[in-house]
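If you scroll down you'll find the structure; I have some questions about it.
Letters A, B, C, D and E mark the chains as written, and numbering starts fresh at 1 in each.
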Amino acid sequence: MISTAVKKTFRYLSSFALIVSLNFALPRLMPGDPVKNLIGEDVYVSDLVIEELRAELGLNRPLLEQFLAYIQALLRFDLGYSYHLHSPVAEVLQERIGWTLLFVGVSVGLGAGLGVFLGAYAGWKPETKLSRGLSCGFILLSCTPPYFLALLFLGIFAFKLGLFPFKGFYDTLTLGSIASHLFLPVSVLALFSASRNFLILRGSVIQEKEELYALYARAKGLYEREILFRHVVKNASLPIITLLALDFGFLFSGALFIEIVFSLNGMGTLIYDAIIGKDYPVLQGAFLLIALAVLIANILADFLYAVVDPRVRRPA
Amino acid sequence: MQKESRAYKELGVQRNLGLPKESYTLKESGLQKFGKIFKTFNRGGLLLFFFFFFLALFPSLFAPYSPSERFIPYEAPSEAHLLGTNDIGNDILSELVYGTRISLMVGFASACISTVIGLSIGLLAGYFRGWTAEVLMGFTDVVLLLPKLPLIIILGAFLRPSVWILILVLGLLSWESLARIVRAKTLQLRESGYVKSAQCIGFSSFHIMCTDIIPNLVHVILPKFMLATASAMISEASLSFLGLGDPSLKSWGIMLSFAFSRGGFIRDMWWWYLPPGLCITFCVLAVALLGFGFEPKTGVAKKEVVKLQ
Amino acid sequence: MQHNLKKVLIGILILLILNASLGAGAPSSSGAEAKAGIGNETPKVQGPEFQSKGEISEGILAYMQAVYLGAALRPPDEATLSKAASAYLLQLEKTKGSVLKIATPNTVKSASLFGDYSLGIFAHLSNPPLMKMDANGKLVGQLVDCYEVSENNTRWTFYLKDELYWSDGKKVSPKDAEFTIRYYGKKTPSARWINDTLKSSSFSEAENSVTFKFNKPYTRINLEFATYNLLPAHIWEKIEEPQKYIHEGSYVGCGPYFLKRIELKAGKLVFERNPYWRGPMPAFECVEIHFYSNLDVATLALENGEVDTYYKYASSYPYPNIEQLKKTEKFDFLEKTNVGLIFLGFNLKKAPLSDRAFREALSYALNYEELVALETLGYGEVANRGFVPPSMEYYKETEKLKYNPAKARELMKKAGYEDRNENGILENKEGDDLRLTLLVRQDSARTAELLSEYLEEIGLEIEVKNVDQDTWFTLKDDYKYDLTVTRSTPWGMLMHASWGSGYFDSRRSGKGVLHTLEDPAFLQLCDELLATTDSAELEKSAHALQAYYAENLPAIPLYWNRVVTPFNRDFEGWAADPLYGIYNLETFVEVRKK
Amino acid sequence: MNSLLDVKKLKVGFEGAKPVNVISEVSFSIQKGENLALVGESGCGKSIIAHAILRLLAPEARIEGSILFKGRELLKLSEKEMAKLRGNELAIIFQNASHALNPVYSIGRQLAEPLRIHQKSGKTDATKKVLKALAQLGFSSPEKYLKFYPSWGSGGMNQRFLIASSTILEPELLIADEPSKGLDPARIKEVERELWVLGKEAKSSLLLISHDLGFVRRLADKIAVLYSGEIVELAKTSVFFKQPRHPYSQGLLGSLPENGFVPIPGLAPALCESPSGCRFHPRCPFQKEKCLREHPELKAREERAVRCFLWA
Amino acid sequence: MGLKIEKLSKRYGKGLFSRETELFRDVSFKLEAGKTFGLTGPSGTGKSTLGKIIVGLEKPSQGDVFYKGSSIFELRGSEKKVFRRKVQMMFQDPLDAFNPRKKIERSLLDILSLLKIPGSKGPDKIRLMLKTVGLNEEVLLRFPAQLSGGQLQRLALGRILLLEPAFIILDEPTSALDVSVQAQILQLLKKVQAREKLGYLLISHDEAVVRFMADYCGKLEHGSLSLA
């Protein structure tokens, strides 16, 4: 027990270390001069100014020194300064992540619920027309690029039918406004999340229902539905916990496309703008944040797993 | 032991029915019905896949024109141009047909890279235990925790837009789940009687891995390979949308991104933006369905991957 | 309710008129004094009531003070009611809640008025720069009535307009102008040249003027000052790091509107009428700028009528989308030839493009008509050899570019590029096949496709190299290409010695520029242009420069396109300038619902 | 007749790629309080009979004949009615206890489940009963096990939990499906004791399915020997062990350690390819020509029934 | 010459943070040609591990195994190869002992090619072996899953015999089998032993089986071996 915990901690730490070093190395290894990117196009700037900026950014110091400075800064929660956004990256991220978390969180929740419920049904009765249809639908869905679906949704529901607004988290800061603005993006992301959960749970239920305990539950006198929801689903949905944690990164990136399409000013558009503008500090910071989020989600999942699955927390 | 058969083992019929394992009456009949939809899926998947495969192999047979030939731009579908023409007057159908090869290539090439890496790491870590395995799996876990798509997007932003770099990045970043399954399965297999006997008999580790372990991993590797292909194709399309694709090689993703950036969507030219989108979806579907077909019916492996230790 | 409102209105009006007498003399005189040489038209007058707008403004000033600052109201006196004032207030009342909505893909990324690129442009509405470019491409005063330049071009004096008030009620003073320019020089890297070269500055409250002395001659200050947003010194002098000053609003402005809120989460900017604005009253209470990360979505929103018009800096509304918009029959379009253009740049430092004859031959290889048809969908025209589009000042008519592949081949042969080994590819003078690298950024991928087709047609082998922005900069700066497709922006065309010279002068460096031309004749022309502010001399040199372009072809403009801006038919009064399109003060003051 | 369970001419087949008949015309009955053992080698269809009685077979199974439980035809009951019987009056103990228990629920919960389903017991009431059942099965501090999970205990422990769960409602008929398979000799003793106690105290009848003859001998009142899907000998335990009549029964006893591991020659046929004539004839030391051609009937005489021409 | 096991100990879990658990310590006994050593004891005491150590599948924590007077852990190169063939192990689950993806024929031919027996002699050798273990040639064309436990266990023995070993570790060879099949296999083992002068280490928890087979036996309990 202790050794696995230690091993896990070590792995989490080294993942984090890798992410941090990757984060540090990426912009420095890649082509292009970050300093030149800080200055707008078509603006005449003397070389002296460029050098000044370079010194200001510490890009002329030896790598190791830069790395140490970087680590020190990280320890102070200083993720650097974005010259494009004119504020410390940490502040930008802090400001942006809230809404994205809300948007992703709601979608993940809905997606998990929908996926588990429908997946359980489809796995339990895989031969019915409904569950075949569901399977086909979700497989198709999981095979569609997120932005494509988002644009189609927007085209149909917002433009053609005029049911929902086109952009933004809200117009006025009221619950109704937020709900109507977030309805489409959340639906799209939730569908994606659900499609992944659906497929996993369907397979998982198909497999779990063959387990002896399911047969024994029947031998105890439980009805079909009770066997499914009391015995099979809990076992079958255990993998979803870790899946959700691992998928956290995926969902963030799915959110990226959806945010662009729906002009949501969250992490996704932040990253997109940073890519377009080569805003390295923001890119680095966002990546670090997402990686950290995934890491934390995984730690939570491990913890949750131990709580839910007695096999893991077996006493000595 | 094989998990799925547990319930039926109780019935004691499995082993001595004297039928080939694949057609154990009970097991098969149990799986037959769900097997059926998989089969219908698979037949569809196979057909679709071969359709795309032939498009990729012999585009000139299917495409009415060369993809670079130009006609009147922004034409609606007509007899001459079944899917109309795009912004510079290329025949969209021809472009679509020629795009198949590039999209499939991106998918398969990156899946090959990830499969080779995943298989070797998983196999080595599973077969030889000890510190090397610890290090390999530790590394795998670390990679597993990296948020893939954001990282790919960021790498795509930093690197110059080239299909080859894209393939490499996608391949190098998507091997870890395969490595985990392979390792889990290898660990299981190396404890099996036949590997132990082979070791006793004196076969070399290499021989054992090649003849005893890898063949028994095929049904684990193939679905993963297919799913990796599918996800690489989606990633390529997504990156193209972000403007991180390689516009000189006209994959479906690039076509789609042109359709959006050059007014196809807004002019409601569904014959321009829908076909590449549907092609991606259906090609990925075909590949994924093939993958599901290869999937071991046990699903034990799946569970093991997901569970972190 | 209505009764009450009327009462209050009347009361206030009386008050206003009474107060108006305080400053009645001064405003009327300065308003008419449009000095010669500065083509600032007197604002169009809406009705006879507005003739004495000075009075009204003063009144309103007091009214505002009363309302916002809680000054005591004196009892109403109906006798002193003026028709003008009542009309004004009625107008105010009538337009209450009216909003003009503009869609833009130029998303504001951070709420930093000073730092965000897009926000800086949008802030022209609330904090207009001193100068502006008029519809004909001429530089005229915006906040200044006129300016003077010393003989040696080192001393510039700007005379500010009277009746400019900040939205907090303070008068705009020349100190604000001096502060603004100094502040920009100190605080932004791109304006550091000001800090480095500004020897001294001074202002005179009496003359309402501000003077800048530079340590070397500068001839383009009037142009430069068309970009720096005027800032209220009393607010910004307290802000040490303006770029880091993230503030959602409101901001004090002196334009017809002031920036009320920056709502990034809702994806919009909200401007509100500046209560102290003394010009003609804008017809809307609010102007909202809506951001769309995705162009298609912006278009859809426009089609649906969610917004009234579309604006993107230096760009047209996407041509492919126009047709769709026309179908709705809700929109009219404003067209203006773009100052910026797409051009084929050459690496003049390397054979064969260093050979004028080769370039000459190459110029006949491109199918300009088709480029116009495919790239601009007809919203453009074939360019002249003189590069500079007609929307620029001192435009000179030069020969039109012509497509004639036969002639191109013939000229190639004449210049010594011939396919002697008959492999379909021309050889250079040494006998090697001509393989040229066409370096493009991803947004010009389509153009590159067409160009390589044309060039291969005359027997050149083209390798298209699609790269990202960064790599393009690097390769371009290292001269690792033969041909490249790039674009110039209106600002880019004006920089350096103007007329696009900034893109070619080899003595310059910078992100978007090619710095390939080191021909002394060209450099001489640039220097001449940079040395004068005299319009006659400028015209002469500008014409010479365009003739040089036409003769030597340091780059080939692929087409001149038009900036098309759709606007809702229910509105009228749109105006566009070559630099900022419809986003100018004139538009916002003039535009109103039909 | 007041048999508790009366199985008549039970036939079970499976529809597959190639439909097979695995059980052919098996008939037996169990009286109240009587223990019957079904013995035979793996693959002879013992467990299928057990599952057929509880109707737990996959839907592909074809079941013919009749199974009367307390006079009710089980094969004609609806799934709902069947569910009411299962676990309540008819219970089963699976061989692989560790897998038959749901890994994610506590023992307390799983043991209480039958009470909740069939008796709608409240929580405290159920807990009380569970504790009692655990105590009965020899757990010294049963409270400890309420929050215990199957994966935490050993196989033997789980076997006892499973027995507790299956017997908590004191079913009238308990089917024990190979309860001794895969267990240590010591554990087998424990299970044996519990089953014995159960029969004595709860007055449950027991249908014991096993291939372990020693185990069966100590528990069962009657023994039915199954070979290739049919009963070849049915007799009282004491009689059977003293004097097995069918050649297969004789061979089976001969293979036991105490009889010197004398093997039956040849291999048991697979269920789907039963030989014609007497199914045992290829391995029978006493085979006659008739045995090759004709299929012998099960003939009853002197409290036993044997399917052999020799027995005629 | 026999196989001498001297003071073998096995401990598990030498991790940084996990406690070390001792499986058994100081186990010594001898295996002799033509004789059977029966090893019994409750499950979980390391009987199988002991067997695996002797065939070299696992390493002991302490102790040594001597074959023909030299320690088997110090053998290198070809010597090691030869020794490995001399001591073989038969496992509990016969189905598990064959690669499910290979036909029986393939599995056996692989061994012949390992032994470098020329292709012409192979079929004869296999036929002979099948006869020894009492199987029909038809089994060669089957996959392992198509054979019964008894058949497979016979094949497992036959496969070992192809290697011409001197000692076989029998790890619960019959506990997965039915009574009647168990008897068959035990008889077969005896027959082969008598003919080939093999030494057996029979690991079983079934004392009746051990009594029947073994010439001498020991019981592994609480970590140590007591000889009887």
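Things to note:
The rule is short, and it goes like this: a residue touches a chain if its C-beta (ideal position, glycine included) is under 8 Å from a C-beta of that chain, and two chains touch if they have at least 3 such contacts.
Everything numeric here is computed off the predicted structure, so don't read it as measured data.
Common neighbours of subunit B and subunit C under the contact rule above are A. A simple rule picks the central chain: find each chain's mean C-alpha point, then take the one closest to the mean of all protein C-alpha atoms, which gives A. Note on chain placement: the centre of subunit C and the centre of subunit E lie 89 Å apart, centres being C-alpha means.
Distance between chain centres (mean CA atoms), subunit A to subunit C: 40 Å.
Remark: subunit C and subunit D have CA centroids separated by 91 Å (rounded to whole angstrom). A straight line joining the Cα centres of subunit A and subunit E is 53 Å long.
Multi-chain contact residues of subunit E (touching two or more other chains): 148-149. Looking at subunit D, residues 42-43, 94, 96, 99, 268, 270 sit in touch with two or more other chains.
Annotation for subunit C: residues 296, 300, 468, 471 touch two or more other chains. For subunit B in complex with subunit C, the residues that touch the partner chain are 68, 70, 73-74, 87-89, 157, 160-161, 243-244, 246-248, 258, 260-268. Put simply, subunit E touches subunit B in their complex at residues 52, 55-57, 81, 84-85, 88-89, 91-102, 107, 110-111, 114, 143, 145-146, 148-149, 156, 159, 163.
By the touch criterion stated above, subunit A contacts subunit D in their complex at residues 211-213, 215-224, 226, 231, 234-235, 238, 308-311, 314-315.
If you check the complex, the residues on subunit E that touch subunit D are 42-43, 148-151, 178-184, 186-187, 205-209, 211-212. Within the complex formed with subunit E, the subunit D residues making contact are 41-43, 184-186, 211-213, 251-252, 254-258, 260-265, 267-268, 270.
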